[in-house]
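Chain naming follows the written order as A, B, C and D, and within any one chain the residues start at number 1.
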């Protein structure tokens, strides 16, 4: 339905480069990327707020690249929701309908229906400033859906909510989607949203869309080291594979599947276990390593290790650091399962 | 903390310097109510105050008509020469008032000489910056995303401006317009050159002072300062 | 985007209204260089410009002496009535200039009438707020912790003020003082009442205009606007 | 040396209440508390920048409560370091000496000596704005030490540094302290700084100093539930103890030591291990529990559990959530060591 072809745009510190992808009707398409990747700029280019330097955008086969935002039929929900502070919740939701000169009775019926599905019927008389973050988000969605847009453009819709509200609203959004049947293009940096809501996901790094595919596929088979790193594979090890064994700088790592030649594998630091004695378990990959350094990361500590000639980093809890007496120079055992090794 | 006390003592001088004359003019006039009453019935005075109010109001309306769009453009668009335009907006504050009069007369000559047009022309030159800057700041405070969202919902830019930006910037624009009004009604120097007639209250004060002395001009001053302070209190 | 174009068109009117008279007065004078040269040799004019420069400079210095301490106190201390003091500082902007003259004369009567003191008194009343507000904003921008640290290192408050706050707020205070100077030299209405003599350039423009017409007063206007714009360019 | 007696102060949203403690010569005393506890206000009261509502401060037995900051001889280093931006690094360090009219040659010698120990000799001609965070911190310390203060007041000295610089500077501070021999009162919210630098620590919560003691003692024996929670014991369980067994709401928990009567114990959520099968290990406390909910916390996920009538929360990594298939309603095994149970 939406087709984005080779969009490039330089805007402030953001540089979009040859962005090409398409969204199918009824799909929930997630663009996942770190902050600063240019996700918002891409959304605003699609919404018609920013003109691209080059490239085209098609909606149902029609070129909409040159159309102003009001002629596109795409509803945009920015990260801060941008509710109109000078209007009541009712008037916010009704805004697009009033602009279209829809009869008053129909507007009231439509607002009532939407606000019931979204559970905001009791808020219609309130001003946006008096609403909680979660309520504001629902109002913004109702306002966007009221005009029955071809496509909903969502910019980090859950970023401004507290942890508990976020979890609840992600689940509710699945329900709204079923009941109201919309198509969504949703940009976010949150893996949780991508996994929880996405039908397909596009990974965006430094202004480029580097991998597009089904969510599980992207997470389990990142196409490049860059994507792997973004998806949390901090340990990237290069070596020569032979059968199910990878030889890398003095280590022999068991692989989850057969491979051959020079390959790279990724291991998430949270999948690496540290212990004082070699672990007697199903973990096939166990090595002796030396602690090089520690970095506190809030609740976790990142332990930098050297095993053979390979540098590894592992996440452990603060109490493990005290218990194992981790400190630079200490030798420990590191272990990870073959299934934690991702080949790309 | 002796340094602070010294500073406070020095600072109080300026505060007193502003407050005392205002107080004194009211107090002295209070002991001469007869003259105040007489002045309020003087048809010249009434006419002049009327002229001042009308021209200042007309000036504020013109400043709104042109200044609000200008403020919007300055808030929303980058264009080559924007910084020059910004600087030009602030220029009238530093030009001597009599020079403003000469410049306007040189430019528009007899078409503004001694007419309401002339009064308004002088007032507009010195007071328009307040409306422009207030409108610009008001629109800058309106999140551009609000307009963007309104447009994706189907509103034209004009509709988005009317429904969202203008209502939200209203209080800033209103206080800018009031400042414009106050600055307009305070102008003397430029008006003296461009339009001695029709007589405005500011000019009449000067004329009564020259012809009849302080006692005759003081009541008009009291009326005008009451007007100005009233406006000021509304603004705060 | 038609709405924006319309707005830009409306807005350009005001920009032109400010820019054109400034340009025209220079252009017209350029075709009458003889008069300009003559004016520059007119001892009355030279004397008046000298008076304007001296009194405006004196005013700026007085405003600095009292306004900087006041700004510092406003930036650093909360005290009962602070909001009233703040409001008072902004009052002079809205009072009609001729009313300012009357108020000062009513308060100080003959001690300021027709003297340099009177010119400076009128200028100070209308222009001091620029220095006070600039100093306050300048000191507000200096992190109070800097002074606190300086004091724990053994500096008295006065020493901390001199070594840290004053140097850091200097550029803000300087631009406030320049605005004060510009506002002072632009004043006409209040000076006309308080001190027609000694003659200042602003008043002389008016007198030459009344006595000899536009052609005679224009060169002085050109000189004054050049001075003002020069100051303005320095400020930016 | 420093004695703070029953200081109370209401300042903005902070309310100090009856703060009493003392710092000994040569000691590094840490005041540990969450942001908003009023730690900075306390430091500024001691420095003489804010006057207390009540209470007294003594330095070497002399009452300094009424003295202005310049007469106290305490050097204050605020969180942002507050270097004088209008002076060079040299002039910053020399400031206190110049104020004291120390001869020029002596100033130069002193600045040179200090900047060598702190490794900032090459920065003396620079302006503070051109320095990195770590360099700024060293300059601030040099400036404070130049006047040979009785006591150094440090407000979150490492909070504005990146993770790596912080770790390095904490280690260096130990060295500076040995070489230059100063006494420090240091406020922070970081456990890392408290453990790494503190001789003694005072825990400050909501404007009250609730526990003072040696660092290890405070961390292992919090005096109250409130302190325990702040120190990360999210799971507080009340029950009846008998010998080494605690009975609480249907659970039987093995204690690290004998106790009796109604007691409370605390367990850190990172000390609780989740698994699909009962763990065969030295963990004595193993229960069946139901997952109640999940909350994403950056790299970790907080799992809320119900075991018997007791609610527990545990931290696990994101990959464990996927691996164990954790979701509300699922039953898992929870385990923790007796040594992870802290009795207070």
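The criterion applied here is as follows: a residue touches a chain if its C-beta (ideal position, glycine included) is under 8 Å from a C-beta of that chain, and two chains touch if they have at least 3 such contacts.
The chain lineup, named per UniProt: A, D = Molybdate/tungstate import ATP-binding protein WtpC.
Note that this is a predicted model, so its numbers are computed, not measured.
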Distance-maximising chain from subunit D - centres being C-alpha averages: B
Between subunit D and subunit A, distance of the C-alpha-averaged centres to the nearest whole Å: 34
Centre-of-Cα separation between subunit C and subunit A, whole angstrom: 57
Inter-centroid spacing, subunit C versus subunit B (mean Cα positions, whole Å): 16
Whole-Å gap between the CA centroids of subunit A and subunit B: 54
Of all residues in subunit B, the ones touching two or more other chains: 1, 156-157
Overlap residues in subunit A, where contacts from two or more other chains coincide: 68
Chain-level touch network, classified as line, ring, star, complete or other: ring
Subunit B contact footprint on subunit A (complex, rising order): 44, 47-49, 68-70, 72, 74-78, 80, 82, 84-86, 95-96, 99-100, 143-144, 147, 149, 153
Contact set on subunit B toward subunit C in their complex: 1-4, 6-8, 10-15, 17-22, 24-25, 28, 63, 65-67, 69-74, 76-77, 85, 87-108, 124-125, 128, 132, 156-158, 161, 179, 182-183, 185-189, 192-193, 201-203, 205-206, 209, 214, 217-218, 221, 224-225, 228-229, 231-232, 236
Of subunit D, residues touching subunit A in the complex: 163-164, 166-167, 190-192, 232, 268, 270-271, 293-300, 315, 317-320, 340
Subunit D-facing residues of subunit C, complex: 143, 145-146, 148-157, 159, 163-164, 167-168
